[in-house]
Structures are given as structure tokens and as C-alpha cells.
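As written, the chain order gives the labels A, B and C, with residue 1 at the start of each chain.
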């Protein structure tokens, strides 16, 4: 099975570990044995001007996933939204009202569906590939989350080169290592079966430190500075 | 403390990782230091004809556990059903109605109790050993779950010998290794304190691969084929 | 950031692993990189006469944390009570009623606030340091929990010296090792990012064994005896 998935993660933090905004949406192509990505793509947000309502993230993920899927023609696209694995092209108002989610969630999805339902329908008509809102159950979505953390580390390196020093928060229970010419990341939850990722990056002249976010258990903080 | 527990797990999967039916009910005798089984027994179901309502599993577990307990005389029997550690021999209609579970759960238990309450009562009268519905809190129940995964791997080997190739899903966050003459399994959750199991098996002429189920995070898939 | 936190944990157990009462309240000073304590303090309870309602624990934690904070002047004090990170000095009746917790929880906090609100207010007026009820989200609270387990092992050693043998239960998913002249403890959850602790202790002439509590998954039992 060849699956494209997308997720958004990584946050710019203040010195007091307060989140300013999210940083990276990653899309990945995942193939058997489903432990890492064969291919990945990123779209960076502007963490200094971020809509924290969650709508920007889902929209960015859908567009980036469809863009990657157009190139690699997977069997299915997984989005990180837990509305029961429903096909996004079928999300009309009646279907959303029938979902077992909160009223607030229904309003958000009615708004999102205005863009995403036509996007998914058009893509399905052209390619036969479904976009499903499967959420946390999907391993490719988790791999996309790990890549969003790895790309967040890349963003942090570039930001530190320009500004001297930066603190970012990684997605849930994952770590990164900045190595010679590349950034490696992996899940800290062994129950997931050893999920990991790696991208190339210019890592010259950079110092870094990784440690637990004292205010949010199971989340790691990455500090990066120019040496 | 000597505890007998039983649990059902392992599923035959389609090529698309959809579950067809459950495979193995395992009963175990667990003794201090409570990390593995001193003794285990299995009853295989027919995954091609499986009642997925959950009733078949609990019934099979109770009968297999009592059968093993008759031989090894433990202090107590643990069943994987989270109804508050109640003694099964006391499960009359009034007691079930008073449980803090869903109405659907009450109907299931009223049905199950028809067989299991007399079974537990008779066994207690003969031996003084209680059958308690303790559920996920019990370590022996988790060890039984791990053995159900190990026996599922054994079933997969035999099925692959006859049919060439098979895909099974293991119980939650556990892995197996098919070794020379035996099958080893262990929990992937280190918080459980290193729970594991092992059985003897004819593993000649068999190839295998273990990887994350892409559709169900924290569950592993085992593929077995004839070489 | 320098954080003082406190938590209570470790329980005296019967031979059947039933809890008798809690043993140790630990306060810790945690500094960057937030993996262990720079300093720790303990107050032992009498497990044979323990108020299991949870009120004794929160009260002991607040007093011990303020005592340690008076010496080390942290930026903030974290208490293990999940009422949304609210400042304890602001806990008047109207604020408690507005919390999204159970009615039972509100009654407990109205009672607790009688002592703790003036304590936190006075400490804040004198030092500018806030006491916040942040709960499980705080890494320093988890480190305090790990130290409560380490001090529980110390209590067990002393109790075994006098009484021959003792069984204690550790806080959730952690282990301890009794080494030459010290007790080491660490989290069994790798998602937490390698949290640990260590204290000095007279460990001469003591035997010990650590294993899973068969009745409570993810909790370890420590047996200690005089050799």
C-alpha cells in the first residue's frame, strides 16, 4: 500500500516555552514497511502570524498532500483529522451534521469543507484517489508529524543563522539529532514500532541542545544557535 | 500469588489490512515475578467464521481459563473484562444493572452471565477459586494477550505452510520473533516492566516480516510465507 | 527556568499487593535541562495511618514545596493538581466554582483552599513567586514523583532493617535500583525524555527485588529484606 499523508507541527517558543505559532506542514509518501517516508515535502508557515484555531493547519495539509499525491499517485491520502476515516469528497452539510463530534467541530468542518470537499472531489474524479480524514490512527500521519518536527529543526537552523539563537518545540514524544549534513528524527514511543525520518540539511556552524519541555510533559524542546 | 488469566487476540488480515476474524485465545499461569507465563494453553478460533461482537471471545476465555485452573489450582482467575474486578459468580441481573457500564454492555453481560455465572459459581464451590472480571489492570491478562499474539504467529506459520502466505495482526504494541524451533514475543511498552513469552514451534522453511500496521497505530503486522 | 515541584507517591503494600497507605512526599528543584533534580527534600507520612482521600497529599506537597522554595528562590512552584495551571493564591470560592472539575473536586478544593490560598498568597507577597496547580503536564512534578519513589525505596530499606522485610509499590511506570551507597530511579516511559533521580543512602546488608505489580499494570513493586 502506498499512502500519502500530511501533518503540521513544531512551534516557535518564547524563552518561557510559550508557543508563538506553528512552523512546518509536512507531506510524506509512505510505503511498506511503513516506518519512514520514501519522499517528503514541506510548506513553512509564518509562526509570527499564525492562526492557532487549527483551520490553517488542516487546509495547508490537504493542499500539500494533494500536491505530493499528484506526483506520486498513491493508493490513498490520509489527513490528520479524527472524523472517523470519512472520505473528504463526501463531506456535505448533512454528513457533517451526522458526525459524532462537538458542535464546535461541526462548525469548523462546515467551514473547511467549503474548500476541501471540492478539492478532494476534483482530485478523486481525476485520479480515483480518495482523501480520508483518518486522524491519529494512521501511521503515515504520525510519520508526517515526525517529518514536520525534522523540518522544524531545519527551519530553526536557518533562523538561528540569521538571528543568532532560537527555541522551538517539537511534536509529541519525538526527538531530533542534527548531524553532519542531515537531520535525523524518531518517535520516542516504542509502541509505534520504530518510526523515523531523515532529511538533508546544511548543518555547518550550528550548536544545538534537546531537552524536555518543562511545562508540557512528553514534548521536547530544541534550542539552536550560531556558533 | 499464582494467577490464571486468559485473553483473545491476533487477527487474520486481508491484503489491505482489514480484519477478517480473531485467531487465538490463550490462557496462562503467571507466578512471581509476573513477567511471563509458567504454563500456557491455546484454543484456536476459525477467523473465517468469527463473531466479532466480543461475546465469543469472553466465553472462550472463561472456559479455557477454568480448564487450565483445574490443572494448576491458582489463587485466582483473571478475565479481560473491565467491570470493576467483580467476582463472576455474583453476576445476577440486579448486580449487572448496578454496574457503571453502558446499557449495551449490560445487555452483553446479561447474555454472557447465563453461561459464565454458573461456570464460575460451580468452580468456586468445588475449588474455592474466584473468577474475577478485572480487565486491563491485570498484568496476567496482558501476558495472556502477549501469548495470544505468539500463538497467532504459530497459527500463521501452519497456515502459510498450507496456503503459501498469510498476513496477521498482533495484539496491541507487541512484537514477535520467529526463531529456530521457537516463537518469542514481548511487549513494546516499557512501562509494563518487560513482559514477554515464548513457545516451542516448528519454524523450518518459513520466512517472515514484522512491521507497523499502517492503518492502526501501535499495532504490528506479521507476514509469514513458505520458503 | 528554575522550578520547585512536589508530589506524593510510593505505597506500603500487603502481601497481596493491597495498598495500606502512602509513604513519601518529595519536593524538588529542577533546572535546565529539566531531566533530574538539583536538590530534593522529603517528608515521610505514616502509611499505617493515612488519609487516602487525597487531601493530606496535596497539603503536604504545598507546605514542603514552599519550604524548599524559601531556600532556593525558584521562578515558580508547580503542584500536582490538575486544575488548569491556576495560581493557588487566587483560589477563592467564586474561582473554584468556575473551574471545570467535578462537584466533588470543588468541595475538596474549597476545603484545601482554606489553608493553601493564604499560604500561597503570603509566599507570593513575600517573594513574588507563584504557586500554580499545573498537575500532570509539568515535568518537574513528574521528577518529584520519581523522587517520591526513590525516597520510598529508602524508607523501605530502613523499615526492612527494623522489621526484616517489606513490600512497597512505586509511583506509575518507574523503576529503582538500590546500589552501593545510593538509590537510583528512572521513568520507564521513554516519551518523557529520560527523567531520572538519585539520592545517597545506606544500602548495606539489604537484598531487594523489583517486579511488575500483578494487579496494577504499569506499576512496579519493590521488595526489600534484611540479609
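Just so we're on the same page, a residue touches a chain if its C-beta (ideal position, glycine included) is under 8 Å from a C-beta of that chain, and two chains touch if they have at least 3 such contacts.
Computed from a predicted model, the values in this text were never measured in an experiment.
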{"item": "Rotation angle (°) superposing Cα atoms of subunit B on subunit C, nearest 5", "value": "120"}
{"item": "Classification of the subunit A:subunit B interface as same or different, half of numbers criterion", "value": "different"}
{"item": "Distance from the mean Cα position of subunit B to that of subunit A, given in whole angstrom", "value": "36"}
{"item": "Of all residues in subunit C, the ones touching two or more other chains", "value": "189-190"}
{"item": "Parts of subunit C lying in touch with subunit A, wherever the complex brings them together", "value": "1, 3, 30, 32-35, 134, 136-140, 142, 189-193, 195"}
{"item": "Complex contacts: residues of subunit A adjacent to subunit C", "value": "16-17, 172-173, 175, 188-190, 209, 211-218, 220"}
